Amino acid sequence: MNAFPILSAIWLAPFVTGLLIMAFVPDTRIQAIKWLSLGASGLSLLLTVWLLAQFDYGRAGQLQFAERFSLVPSLGVEYHLGADGISLLMVVLNSLILFTGVLASWGLKHRGKEFFVLLLLLGGGVFGVFTSFNLYVFFALYEVAVLPMYLLIGIWGTGPKEYSAMKLTLMLMGGSAFLLLGILALYYGSTPHTLDIFELNKAAMAGQFSPGFQKLWFPVLFLGFGVLAALWPLHTWSPDGHASAPTAVSMLHAGVLMKLGAYGCLRVAIFLLPAGAHFWAPLIAVLALVNIVYGSIGAAAQTDLKYVTAYSSVSHMGLVLLGLATLDTLGMNGAVLQMFAHGIMTGTFFALIGMTYGRTHTRLMPKLGGLAQVMPFIAAAYVIAGMAGLGLPGLSSFPAELLVFLGAYFTQDLFFKVVAVIALTSIVFTALYVLRVLQKTFYGPITEPHYKELGDATLVERIPVVILITVMVLVGVYPFPVLRLIDGGLIAVAQTLGSLPR
Amino acid sequence: MQLSTAIFYLCAGLSVFSAVRVVTVRNVFHAALFLALTLALLAVLYLLLNAEFVAVVQLLVYVGAVIVLIIFAVMLTAQIGDAGVGQTNRLAVPAALGCAALFLVLQKALLSAPWAPTEAPAPAAGAPVLSNLQAVGMSLLNDYVYPFELTALILFTALIGAVLIARKDTE
Amino acid sequence: MIPGVGIGHFLVLSAALFSVGLYGVIARRSAVGVLMGLELMFNAANLNLVAFNAYLHSGAMAGQMFTLFTITIAAAEATVGLALVVSIFRARRSVRLEHVDLLKG
Amino acid sequence: MTFSTATWIVPLLPLGGFLFNFLFGRGSRRLVPRVALLAVGSALALSLVLAAQVLGDPAPKVDGIPWLSVTNQVFGHFTISVGTLLDPLSAMMLVVVTLVSFLVHLYSLGYMSEDPGLARFFMYLGLFTFSMLGLVVSPNLFQMYIFWELVGLCSYLLIGFYTTKPEANQACKKAFVVNRVGDLGMFLGILFLSYYLGTSDFSAIAAHLGSWPLFGPAWLPLGAVALLLFCGAVGKSAQFPLHVWLPDAMEGPTPVSALIHAATMVAAGVFMVARVYAVFDASLMGSVNAPLVVACVGGFTSLFAATIACTQFDIKRVLAYSTLSQLGYMVMALGAGGLGVTAGAFHLFTHAFFKALLFLGAGSVIHAVHSNDVRAMGGLRRKMPLTGITFLVASLAISGIWPFAGFFSKDMILAALKDAHMTGLYVLAAAVAFLTAFYMFRLYFLTFEGKEPEHGHPHESPWTMTLPLVVLAVLSLGAGFAGLDFGGRSFGSYIRFDRSPTLASDWTRAQGLALAHPKAVGDYRLATALWAAPALPPTAATGLPAPAPATIPPAQESRAFVLDYSVAVPATLLGLAGIFLAFGVYRLKWIDPGRVARALGPVYTTVYNKYYVDEFYRWMMDHVYYVVSGAIAWFDRHVVDGVMNGLALLMQVAGGALRRLQTGRAQAYALAMLGGILILLGALKVFVP
Amino acid sequence: MNLQLILPEFAVLGLGLLVFFLDLLAPEGASRRYLGWVCAAGFAVILAVLLASPFPQGPSTAFGGLFIADSLARVFEVLFLSAALLASLASVDALEARGVAWAGEYYFLLVMVTLAMMCLASAGDLLSLYVALELNSLGFYALVSILKGRSLVSSEAGIKYLILGAIASALLLYGFSILYGLSGTLSLQGLAAWSQGAAHSPALLLALALVTAGLAFKVSLVPFHMWAPDVYQAAPTPITAFLSVASKAAGLALLMRVLDTSFHSLAGVWDKLLMVMMALTFVWANVVALKQRDLKRLMAYSSVAQAGYLMIGIVAGTPLGLQAVLFYALVYLFTNMAAFQVIQLVSVKGSPELSGLKGLARRSPGLALIMLCAVLSLGGIPPFGGFFGKYFLFAAGVQEGLLSGRVWLLALVAFAVVMSIVSLFYYLVIIKQMYIEPSADEAPVAAPAAARIALGLCTLMILVTGVYPSPILDWLKQALP
């Protein structure tokens, strides 16, 4: 249908640009590197917009723009890209965060070349994962996307960066190691052996995976992805990792990479092992509940802005996982929308924290205060992002959280209803910590005299924030079209799970 | 008891004894002599087993060359008369226990095996009956020429290696 | 072959020699002693080969041939080993193997 | 232009103003207020037109577009719509909101004229007006919740408008969080209701209530659902125990207090309960009497707040507690059912005018004397005659003196309580009427009469501020007459609650269905599990508890309001007595209030300190919540993460230990090989048969 | 007898003699640097010819079955020759840097061990196998201690290697003798035929255990690995690299020849042995590697761990498994060669410790990048060859585990996967040194032409095997139908 391999173009644009910069641009020409990076990520963004325009919304459940090219036929390894509604939404998210992330790093001075190269490689990898429909390529790009984090945090981070980077990488790689096993099990469990996600789904629907098989391998896959989605108790890489990472990396990591985990949970674990999902869903719901409540209460005790945001991510990702665990269209729609919403929101948070830190050189709330007077733009944006964080209607998180709660409550299962009720209490706790941050950081009198000389966000800094907030508001005000994308994509999942007739 | 039987038991007993002495005697020079004795006794056993050529080679190569080399080495490294010091290290006890266990396992396994002889191919009619020496020579240059050549390379390599290693550095 | 002596006798003897040799390798202090232990181990195997050839597989000479090669190879190995011992002695004025432990961990 | 389209436009006008100001206003001190005023003014005009139309055609009109739609097995498509609902109740609210908002906009032109944040202020006001209007026209609970939260946001922003003031920051946070607690309940209520009824449309709720058999025979959860929804009202309308945020909210600019925290937003709770009153009413058939709880909460709050109001010296705080008390009054009225719903809405209507007037008057005073403390005021009526007189009008109105608006609405509430045979609450309401008159006139006398303070030169406010005062004074005087009967048409004939005639029969049918309907079984179990219904003997056929015999309480019919002198006269007398007492104590100085306070000792101290509720919450936050939070943070860092770090450490330690086995001695390695051989032989022994 | 079959070995022998005589002809004291180039060129030519010529059809034997020239042997020949080529290139400058005067002998021995390994892979008989193995070992003993005059440690490494190697050799020999006694044959094919109906007699089990132990020493499985760190540390770096890849590959060849071919029917016996050692290897090698400071020691433990992964394919024993082993061996060859090449360049003037890599990304970004690729490939990270290699191995393991119900193998694969996370830690530490730590010395690391060629070749192969392994797989599939 499309002669032009647009999905390849989307992920290769940043990836190849990264490689080209690495090979040919000397690190003294930092300005050129920045513009190249911006161009590459902008190209991806443009292509994504074009993709949105070309996408057939009526067939959001089917794979569109497919590209196939066999790599290792004997092992079922194939370069198979495509996009359904969910993939498309995730691609949109990634292109937004990548583009804004490059802008947010505009002021970077130290070892700029390597930074932008790694950033582009990471971003490109993420695009690839979201559009891969062969598990091998999916998995390979998944790792490609995770690994640059080590250097990005280790070199440009702050605080105990090496420890954080190591912990993050090892935990995420640990999760992905389990994925490898799970993927191989899927491959050999299917007849004929295949790694194609949709083929495997057919195998699952045809009953090729016995219930025992599914019960065994579902947790392997779900936990493998769950680490990246910060599933409790495997979330501890996240606070340290986010706190230590430089701005753009935090943005990409919390904004996109964590979604990679949740996306995998949905696309691989749930989609391919439905009986396993049904069996394990209650446990996942409980863990997700812990995420939600524990994260939101724990955030209130933090003093570092990034730690607050990290714990809030734990809590918000809990909502995603809870939505997935409902195995119901309502909840899963909410989960996917929450993935998007949280990505945008947390990207904004980290961008703003980066700007604040760049000026005050501290992220500790006790040392901050009254910044709204000197940096009204940052303060206002932070308020908006914070409001999104606490699920305020009109911003993108609200419909997502609403659907997750509805989905959990609307299941036929009393257990999930109880979980939903308990999870709902988090809206109070969330309000507490979000408002506490606003109060301590931006309101009140200025605490340090030298803060009076600080300036507000520059134009370059404002652009990413404005973009992200605009998306946040648009989706929040009218989520209908976005949900059409997700809903279409989820029909196949729901059919697999038996929650929709085939 | 026939003579050969008696010789076997004598040689076997002596060889075990001398082998134990090799690894336990304090004086390394004596150990080398015990080793020579062991190897020689083994040559006798080879003779009993109708492997005359092997026995000869055993004597020539081992007793004649290797032992000499070892004794040279012992002398070069001034180990003679170093009897005051114990010749075993701290690992002796675990090593003894381990080796005893190994011996038990080895003998138990080897003795419980169903040793089945293979049928000797009927000698081709008219084929000359060869002595052991002749037979060895024939097969060495016919059937086993390939390992034979490789062994030549081994010796060459060992020679070069030994020279390389034992050389005195010029610096 | 030898009246009253079966293959088992030879095997027990070789097992004993092998074990004793291994003990010597592990427990001897002097590097030369260790090399002697190694020779015992090789000889144990050789004895096996010759005995098997004589008792069970006398139709061909494979066992004896193997023994010939191993004897030669053992000699070559002893040569290199002794060269190393000499070189160690030169450097350290001692051949006590337990002192040769710069490389560890 | 149809009704529906016009109803869309009303909220969109202030939104348009806000967006224009946000995008193009550039913080202009001239442009922004004008645009805002224009937007609100047109909204007011349109609302008036709509109200007039509704008076002619009171049938509800609903319109909407899908806002969110998800394919679902149970619902086919689960859809949440946004849209409009125009009926007399929303029309009344539209007028109140746009009118007060317009007046507050106007007033703020003067009041905020010197504030550097003028433009921001007007933008917030515009956003608030939009949100409040959106709330008012909501056709379903979800949309109401959306705007419910948005008005909460505006409230938050406006309370914390003076960002540099720590008290304001604390107050706005408190307001938001406390409201969130209520919202949590409300959200749960919405969740339950929409799940069990399959709809959240106001127009459909009543019709679905009886036909849905899910609640099983006991009807228990419905009462619970009603109370959960009421939680939202408790938060937004600041009922006990979630009242604590409203007094603190006075840290915001005074026009905001008038608009949001007196007239409109805080009334949203009352509005919401009135909207879904069918749910409360239906709960009467179960064993949870939700309306009674509502009435008690309201009654308690009104008395509670009134006593505090008598002891406060901050003019705005007195008004805030008065607001609390009056809101309690309205809520109490709702709890009475029948006429009470009308009464609650009517009091909402009148209260909006006189309470806004009181706040704006207080603002005018504060503007003049730059202080909130009544002890620093006095004799201001001579300096600011217009303010003084309008304040007096409002005080009379709130005290329930004929012919001021409060008289009519208060009387209707008392009548409704009497109708509902809630004698205790009736007495309480009367007592509150007395207290109200007392503290209001205490305030009036302390502020406007008596000796002038030594220094300071207070002066009358500019016309932008006094004009709204005058308009509101006129309304405070005249609005009450709307409650009277005009040829069969009155406030009560438009805004009333009538029990659906089919409900009773539906309910009886539902009992039968509960046994037959398989889905009901599970939910009946839920109901019993959650709410511990009284165990009923199982029937032989199904093993399920048999339905309880139907005992339907009599419907409290809404009736046209007629002045009942047995109610009106004592109430008016109590009001006058309150005024007289205040006059005696604070004007004539019969006794020194300080001595009374000292005589009351700890009682006075307790009341003065607002019964220590704030302190209790503070303590709970500091010693419970933040302790738990700290404990979780600690647990996360040291236990959960500790396990991860422990694993890493274990590897390192194991590495260190095994590394020591690599001693560097060749013979040790040989021994290891020997060990390896033995291990392999052992493994063969174990694994190979 | 078809001497054509043994032509590659003859060619290598010829190369050895050429080097030997060139060394003799060269005047005393003259630079023998060119010998490295000669060696490299020779290997390259032979390699090219081998690659260009088609696989032998079916097993062809020479010398009465003592020599087998089949496609498996061809694959290993290619492996060894590639390793030898890279090692020669690496040696060109390394020898000068370390001041090794005996370059002629060095290269001669290098060629000899290569020849020995080729013969090893072609051995059709226990005798020729043993002889080739000894030739290989003796050559390596000498090569390892060639830096003798430089330090005490090189002779230490030599004697350790010799003693332990001799023990392994004795174990192997003793095992062979029992096998001979049991079967009456030394030929691998004969053994395969015999083992079809062989009972699980204790003597047979014993023989298998001894042989497996001897081979485990060669591929360095725990607890027969202890020579490796010490020897790797002290040997000249090109030799360490060569040892780590080629000698291990030779061990693999032996495992495939002896266990997988001759005792295929006894797979249920020896796989238990290997699995026990694998489990030990995964724990021991990875955990101890965490505490290493010396780069070459670290790489030694890494290579021990890698041997464990390789065993998955051997234990699986399926065509897929063996193919995976060969593929991984190939990837591992280029990866390790690249890593050691970088280590060698860095330690010419710097420290051989881990800290010697500090700031390499600033000093020589290219070298750092290559090291990064190599290390990530070793860690099994895409898009490098190690990733696909490991995936392939695990796939073979999971296939056997799932489809043939070998639960233990499945468990072991899972365990391998878990322990690979531990291994990632020390690989990341290397990356950390290069990219995160600052360095005191800002001068770029010199990379001479030979090293550049070797590194370029390695990097190319690391990438190709990772991104588009299909052609190589096809090639391997021809070898192992």
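As written, the chains take the letters A, B, C, D and E, and residue 1 is the first residue of each chain.
FYI, contacts are C-beta pairs under 8 Å (C-beta built on N, C-alpha and C of every residue); 3 or more make two chains touch, one makes a residue touch a chain.
As the structure is a computational prediction, the values presented were derived from the model and not from experiment.
The set of chains in contact with chain A as well as chain C comprises D, E.
Set against the Cα centre of chain B, the chain with the most distant centre is D. Looking at contact counts per chain pair, the maximum sits at B-C. Central chain (C-alpha centroid nearest the global protein C-alpha centroid): A. Summarising the inter-chain layout, the chain whose CA centre lies farthest from the centre of chain E is D. With centres taken as mean Cα positions, chain D sits 36 Å from chain A.
Averaging C-alpha coordinates per chain places the centre of chain A 42 Å away from that of chain E.
Distance between chain centres (mean CA atoms), chain C to chain E: 27 Å. Mean C-alpha position of chain B lies 101 Å from that of chain D. Chain contacts: chain B has residues 89, 91, 95, 98-99, 102, 105-106, 110, 115-118, 143-144, 147, 151, 154, 157-158, 161-162, 165 touching two or more partner chains. Residue numbers of chain A whose C-beta contacts span two or more other chains: 170.
Among all residues of chain E, those that touch two or more other chains are 127, 131, 134, 138, 141-142, 145, 148, 155, 158-160, 163, 167, 178, 181, 184-185, 205-206, 229-230, 291, 425. Chains touching one another form the pairs A-D, A-E, B-C, B-D, B-E, C-D, C-E, D-E. On the side of chain B, the complex with chain E involves touching residues 105-106, 108-110, 112-118, 143-147, 150-151, 153-154, 157-158, 160-162, 164-165, 167, 169-171. Against chain C, in their complex, chain E makes its touches with residues 126-127, 130-131, 134, 137-138, 141-142, 145, 148, 152-153, 155-160, 162-163, 166-167, 169-170, 173-174, 176-178, 180-181, 184-186, 229-230, 233-234, 291-292, 297. Residues 22, 25-28, 34, 97-98, 100-105 of chain C touch chain D in their complex. Listing the residues of chain E that touch chain A in their complex gives 361, 369, 376, 381-383, 387-388, 391-392, 394-395, 398-399, 402-403, 413-414, 417-418, 420-421, 424-425, 428, 431-432, 435-436, 468-470, 473, 477. Looking at the complex, you find that chain A touches chain D at residues 167, 170-171, 232-233, 235-237, 239-240, 294, 297-302, 328-330, 333, 370, 372-373, 383, 387, 390, 392-394, 398-399, 402-403, 405-406, 409-410, 412, 414, 417, 420-421, 424-425, 427-428, 431-432, 435-436, 438-439, 442-445, 478-480, 483-484, 487, 490-491, 494, 499-501.
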